[in-house]
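Presented sequentially are two complexes of subunit A, the first with subunit B as partner and the second with subunit C.
Up next, the complex of A and B:
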């Protein structure tokens, strides 16, 4: 095995070990989105009676939300982990080894992505247990897990970028409410074409989070919707490209060594 | 032949909108030597270490560690050095063994060697029993010992220790000193050690560099630096304030009186000892509350060179060296 692969494995292993040893960090990203989904589903079931609503099960409609919400938790986890490493000087320890910045970034994000995919598996299981029918079948579930992988990577890199620029876990956590607002002003609870308030419909339309949710939703309630999948994957990949580039640049600046 | 030396010439680090943290340092540390870098907080010790360990590029000047230029040959420098920087940088959620496993992987040790090296180092720093406990539950001394073990994973030829004993109890401090002395003595590791503890520099270092405001103000063997300052001094505290002037006059017979803030002190002439002073004062019927013989310390060296005493020096001062002798 190459040195880079060993180093990536070492960093990823540490990231996963840290997550597993902090139940308070691993469990809420699974429980909270599910709880919010169940509450919403109970209160908003009547929405399915609206003409044009795409499904008669609000639970199936809402199941897409935890996938994105869980990924937002990834942002926070990745960021606070890295910020802690900066604050404690652990990053300096890593900088004194032959570890490459790219290996550190890949290793760190691998841990977050693994957690993101595990979360996604948990949401799928919750969906199946609550009677949600996945219209795209087993293949759709596999695509959904790939999507969760990409979204976790994108948001995880965004959290890492913030941590590297600010060096502060608090600053990273400060972004969380903003991300949450983005979730709430999306098509999270209502299909965009059924939003009656003009400004809200406009905001939901320009909000990229809407397309991430609709991509997941299409796999659950529609089947294979090429437009939703292209838009969702396109935006997710764009987030990955931009956030990984930003995080890599910030890491180069932060890991100043000659 | 391997070159384990550290050489710096005109090393400068200037921060944006800040002071010159390091202001033209020249130093040479010989292979296998323990070099104590002594100075108060903010003197520039840690900034110097960061530059020598390649973590901070110098603004000006050059430095070579183990024969490699710290600016142009950073990776080579890092491959030959070990460093335990200020504050043990450990992950509270990992165990001691996890840390060593991680470090052996990141330092590129062959798989066949990793476990053995980790066990060897855990044993050497006395952490075998605690190896599977999370570091969050370690004491300060245990963390520092683990930090040292991590710095030694790849068998470095040059070791940088930035205030390694700050906050440690005397027992842990002594244990760490012994290990550092063994590394230099038995394995020929060059040790660059920053400290604000006088005793640490005095006991451990072959040579000491005293830094203040980013400049080295004195350098040499501790014994030579103290000898430069001169003879021991006697400090007296009168029982009655009205005897102060008389005592001052009496002390003048034994050497050169000096002092500040009402301190009655005399730098003893050659051939004069504490007993002579005590007998002389006693013969005059003057009563003292306290009398103390002080050998020159590195703090005196610092005082002589900078006009100030070393911040935080009291904690590290050898009590035996300045133990008051009561009448």
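Up next, the complex of A and C:
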């Protein structure tokens, strides 16, 4: 096995174990989005009576939201973990070793990506148990899990970048309101073409979170919608490219060996 | 009773002073309700066109009442965080030693919660009026609505302070927050009670906040209904949580 693979394996193992051993980090990202979805779906079921609403089940419509909300949470989880490593001096000790920055980054993000995919599986199970029919079938569920992988990676790298730049878990946690705003000012509760307030529709249209939600939603309620999938995957991959580049740069600065 | 006032005013002044001088404490209380108002009133306005949605005003006013009540409740909860912080840092112990009448401590925190919420309520109301919210009710109705919110503010403060006095650590924050958050969201947030169905209808029907919310909305729209019931619920919540708060204060005294 190559040196890089050993290094990645060691860091990834630590990251996954740390995530699993902290129920406070692993459970809320699964439970809170599901609880919010169930409450919203119950309260907004009447919305499906609106002319042009794309489905007769608000639960099916809302099921897309936890996938993205869970991924947004992973930004904070990844950042908080890494910030703790910085604050405790663990990263400084690592910088004294021959560990490659790329190995550290890939390994560090593994725990978050594993959590992201586990979350996505949990949401699929919740959907199936509550009677949601996935219009794209088993293939769509597989694509959905791949999408969850990419989105978790993108937001996890973004959280890592912020942790590396600030070195503070509190600063990363301070992102929570911003993540919440991005989620709520999107098409999470209403299809964009049914949003009556012009400025809100405009904000939802320029908000990338809308397209991530609509990509997942298309697999659940529409089937195979090429436009929604291309936009969703395109934006998710763009987030991965930008955030991994930023995190790599920030890691290089943080681990400068003097 | 005379010895309550100086303690209450001292605690209230200190708490308000701290909040106003610390943006990190003030901003969440102010920004979260504005954000919810924007997201709900802006993003969900089409819900007004759902068949059977029989509210007299527009959807902005429908959501305004929910967000106003939510801001009042969270004004109380966030002040409870401050109580917990004071006791965690040891300031609470010194406060207990220095107070001739310790009931004044709880009253003081309640005054601070009210002052804190009034900032949010003023800003929220101004913004709602600027975006053209329908106000069908007259001055008496509007005063009734704000009084209902005030009752929730006091009840939430007593709930949160009761926990803070008992646990004396900020780690109890989620326990203060989550039940209030859930109780509010288990009310008819997005549509009137008649349009709810399934488990949420059952929960909303037995949720006391539902009656405060529905009466508040009726007051703002100028067609008051079940206002007496809503006030009874409000006063009952205060009575229950005031006992909870005072007993918590006694626990803190006993803990030394």
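By our rule, the second predicted complex is superposed on the first by the 257 of 258 C-alpha atoms of A that agree within 3 Å, B and C clash if a C-alpha of one lies under 4 Å from a C-alpha of the other, contacts with A are read in each partner's own complex, and residues count from 1 in each chain.
By definition in this document, a contact is a pair of C-beta atoms (placed from the backbone, for glycine too) under 8 Å apart; a residue touches a chain by one contact, two chains touch by 3 or more.
Since the model is a prediction, treat every value here as computed from it, not as a measurement.
In the model built by aligning both structures on subunit A, subunit B fits alongside subunit C without clashing. Of the two partner chains, neither subunit B nor subunit C is touched by A:146.
Once the two complexes are laid over each other on the shared chain, residue contacts for A:97 go to subunit B alone; subunit C is not touched. By the touch criterion stated above, A:39 is placed in contact with subunit C alone, subunit B being left untouched. In the superposition on chain A, A:246 makes contact with neither subunit B nor subunit C.
For the three-chain arrangement built by superposition, the Cα-centre angle with subunit A at its corner and subunit B and subunit C at its ends equals 90°, in steps of 10. Shared-chain residue A:122: touches no atom of subunit B or subunit C. With chain A fitted onto itself, subunit B and subunit C come no nearer than 19 Å, counting C-alpha atoms only. Within the complex formed with subunit B, the subunit A residues making contact are 3, 6-7, 9-10, 13-14, 17-18, 21-22, 85, 88-90, 92-99, 256-258. Those residues of subunit A that touch subunit C in the complex are listed here as 39-40, 42-47, 49-50, 177, 180-181, 184-185, 188-190, 194-197, 199-200, 204. Across the interface of their complex, subunit A is touched by residues 53-57, 70-72, 74-75, 77-79, 81, 83, 85-87, 89-91, 93-94, 98, 101-103, 105-108, 134, 150 of subunit B. Partner subunit A is touched in their complex by these residues of subunit C: 28, 31-32, 35-36, 38-39, 41-47, 49-53, 182, 185-186, 188-191, 195-200.
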